[in-house]
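Chain lettering (A, B, C, D, E and F) follows the sequence in which the chains are written, and residue indices restart at 1 in each chain.
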Amino acid sequence: MSDSMRYETGLAMLDRIDGAGGRHVVDALWDIAPDFGKYLVEFPFGDIYSRKGVDLKTREIATIAALAALGNAGPQLKIHLRACLNVGCSKTEITEILMQIAVYAGFPAALNALFAAKEVFEETTPTSK
Amino acid sequence: MSDSMRYETGLAMLDRIDGAGGRHVVDALWDIAPDFGKYLVEFPFGDIYSRKGVDLKTREIATIAALAALGNAGPQLKIHLRACLNVGCSKTEITEILMQIAVYAGFPAALNALFAAKEVFEETTPTSK
Amino acid sequence: MSDSMRYETGLAMLDRIDGAGGRHVVDALWDIAPDFGKYLVEFPFGDIYSRKGVDLKTREIATIAALAALGNAGPQLKIHLRACLNVGCSKTEITEILMQIAVYAGFPAALNALFAAKEVFEETTPTSK
Amino acid sequence: MSDSMRYETGLAMLDRIDGAGGRHVVDALWDIAPDFGKYLVEFPFGDIYSRKGVDLKTREIATIAALAALGNAGPQLKIHLRACLNVGCSKTEITEILMQIAVYAGFPAALNALFAAKEVFEETTPTSK
Amino acid sequence: MSDSMRYETGLAMLDRIDGAGGRHVVDALWDIAPDFGKYLVEFPFGDIYSRKGVDLKTREIATIAALAALGNAGPQLKIHLRACLNVGCSKTEITEILMQIAVYAGFPAALNALFAAKEVFEETTPTSK
Amino acid sequence: MSDSMRYETGLAMLDRIDGAGGRHVVDALWDIAPDFGKYLVEFPFGDIYSRKGVDLKTREIATIAALAALGNAGPQLKIHLRACLNVGCSKTEITEILMQIAVYAGFPAALNALFAAKEVFEETTPTSK
């Protein structure tokens, strides 16, 4: 595959998964490290997420599990909580997985991820307080 | 639910997910911290894994993603790689998820998890070297 | 022990250790993952903190040491810095332990924990600015 | 204080806390980074552990809590589990604190620390296998 | 070396590397843990940064690489991004190193460090918005 | 750039930096995740290490700093300690950087990295035991 094909494939995948949030990150890199925006599109989205073998819903479940366990990537966790909803996970599936993180990375990691999810769910629920 | 019911439910779930590996961990705690073996059965397996909302296959995908990202729990990662196979994940699904960890926790985390998977897959493949 | 007894025991312990801060966390889980609020009361506080063998002061010293070393659980660190004071640790004991974290997790982890302690101490000191 | 006084103070503290294990680490640095052996004696042991304000038992409790939570410093955890015993912690106190780490850093961190403690306890128990 | 010489040496080094930012941290420790301000000057800056063998530019490159990889020490990362510029690193050198962190600690760690660098670079660029 | 050019560029860079060690990792991935060997060559080595802006010596300094700070990637740290020597770092430069990691990630992280360096230096020293 040529680089331009990887970039096009990656950008379509980024749009599908992250919606406006993904493009916003790439744009924000423009004046500091534009090539890194290119790599971000090409490797994670053009190479990895575009692979067959597992569906996007499963990929996003794995991503929020990893980010919640690491506990030091708040902005990326919120982007991928939105992405989880975008690719078809229910709010119940998301909260189930985040609760499970308490077992592997402790209650603080699970709590911080659940509160991030609460903020994301409220953005997307018209009638939420 | 009474504690004895949580324990029974958890033990059945532990056996189903981890096979002999889970019981081995509980037994190994016997002479150092027997109550911790009880908690390990009750909370992760009796409370969390026994919940509805996501299937066991999805739970195990999340677990190996979290453990691979953390990168400091080698024995538990291997137990859950076996558990992934036990609850119906294919080897392809497992390697796809572990490759994806490179994006969120770096190439060393992904490599070490893939090499752990290689060891686990070889255990379970009759004709492997 | 029945689940309701674990919950009652845990809630009394949560109130004793964390004061209003603990209940606030449980309440905040209500509309996102109410069962997780229940687990949070039952396992950490009903099962673990209610055990004999070490006093609550020692337990809270261990908790702030762990959270300061991990460095990715700011809200929980502040709750447990308040809890340390609640169960009888002096400000000197707390700052001594946080300074020691520099040895095991580096100066940034110790500094960030000391500045969190500074904020907590100022809340509780009548004449602070 | 002069550097030689910090070194002497630190070395006496190192011997008291870690016994032969601490000197072994300093000696092992001799042919790779001898100055680092000096710093290791001076800063952690000469400056920090020699401070008043908390007793050595409490300091060692905090240290094993931090190292168990981090989960990536196996050799140092074992040295400090021995140190805990040296400065007067009981095996029960140690296992209680390590079990509590499950709450803050997850079950794998607690399990790996408990199994390290099991090895250390067996070294020091005449009738162990 | 006497302690007062280590302190003087360290303070001169702190001023040279971190400018006003370093002194600000030491001052902020005054009412919570003044001795820790002393240790911060003496060990990292008086002992380590004052050593021969590598130049300050290389030391600061290593520091931002370590802090970006850990991902849980935001304030210290920003101080050392400024320090990198102070000791002669170009913006290009800094962004190259931070992009490389994606390989070893994942894209979120690299992105968060690059966005911290963007803020620091804008502070120091007269015509930035 | 086409994918085959990225692969060729990356493989030449991998050989230059890691010597036989890098190829060994790619080969070991063959029967578990061959595409990941391809990505490992293409993204870290074809895209990142092949960039201008900083020399390879500086890149390897940053890599060992990051890996030593993370503390959970032992095999990769040893590969890159060898790589540091391959691209022209002296043993003194390496030990200086690893000692400095004590400031940012704690003494255990620095000690474990120094002992890994000791093993690597002994491999490459004709008269070592």
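Methods note: a residue touches a chain if its C-beta (ideal position, glycine included) is under 8 Å from a C-beta of that chain, and two chains touch if they have at least 3 such contacts.
This is a predicted model, so every value here is computed, not measured.
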Would you indicate which option in D-F, A-F or A-D repeats the interface seen between B-C, with over half of the contact pairs matching by residue number?
A-F
Selected interface, A-E versus C-D, where C-beta contact pairs are more numerous
C-D
Using mean CA coordinates as chain centres, what's the gap between chain B and chain D in Å?
30
Need the CA-centroid distance for the pair chain A / chain B, whole Å please.
23
Please tell me the distance, in whole Å, between the geometric centres of chain D and chain E computed from their C-alpha atoms.
29
What parts of chain A, by residue number, touch at least two of the other chains?
35, 39, 43-44, 48, 51, 67, 70-73, 76, 95, 99, 102-109
Within their complex, state which residues of chain E touch chain D.
1-3, 6, 35, 39, 43, 47-48, 51
As the complex stands, chain F meets chain D at residues 70-72, 95, 98-99, 102, 106-112, 114-115, 117-118, 121
Quick one: which bits of chain C touch chain F in the complex? Just the residue numbers, please.
102-109
Sites on chain A touched by chain E in the complex:
25, 28-29, 31-33, 35-36, 39-40, 44, 67, 70-73, 75-76
If you look only at chain E, which of its residues touch chain F in the complex?
43-44, 48-49, 51, 53-54, 58-59, 61-70, 73, 76, 92-93, 95-97, 99-105
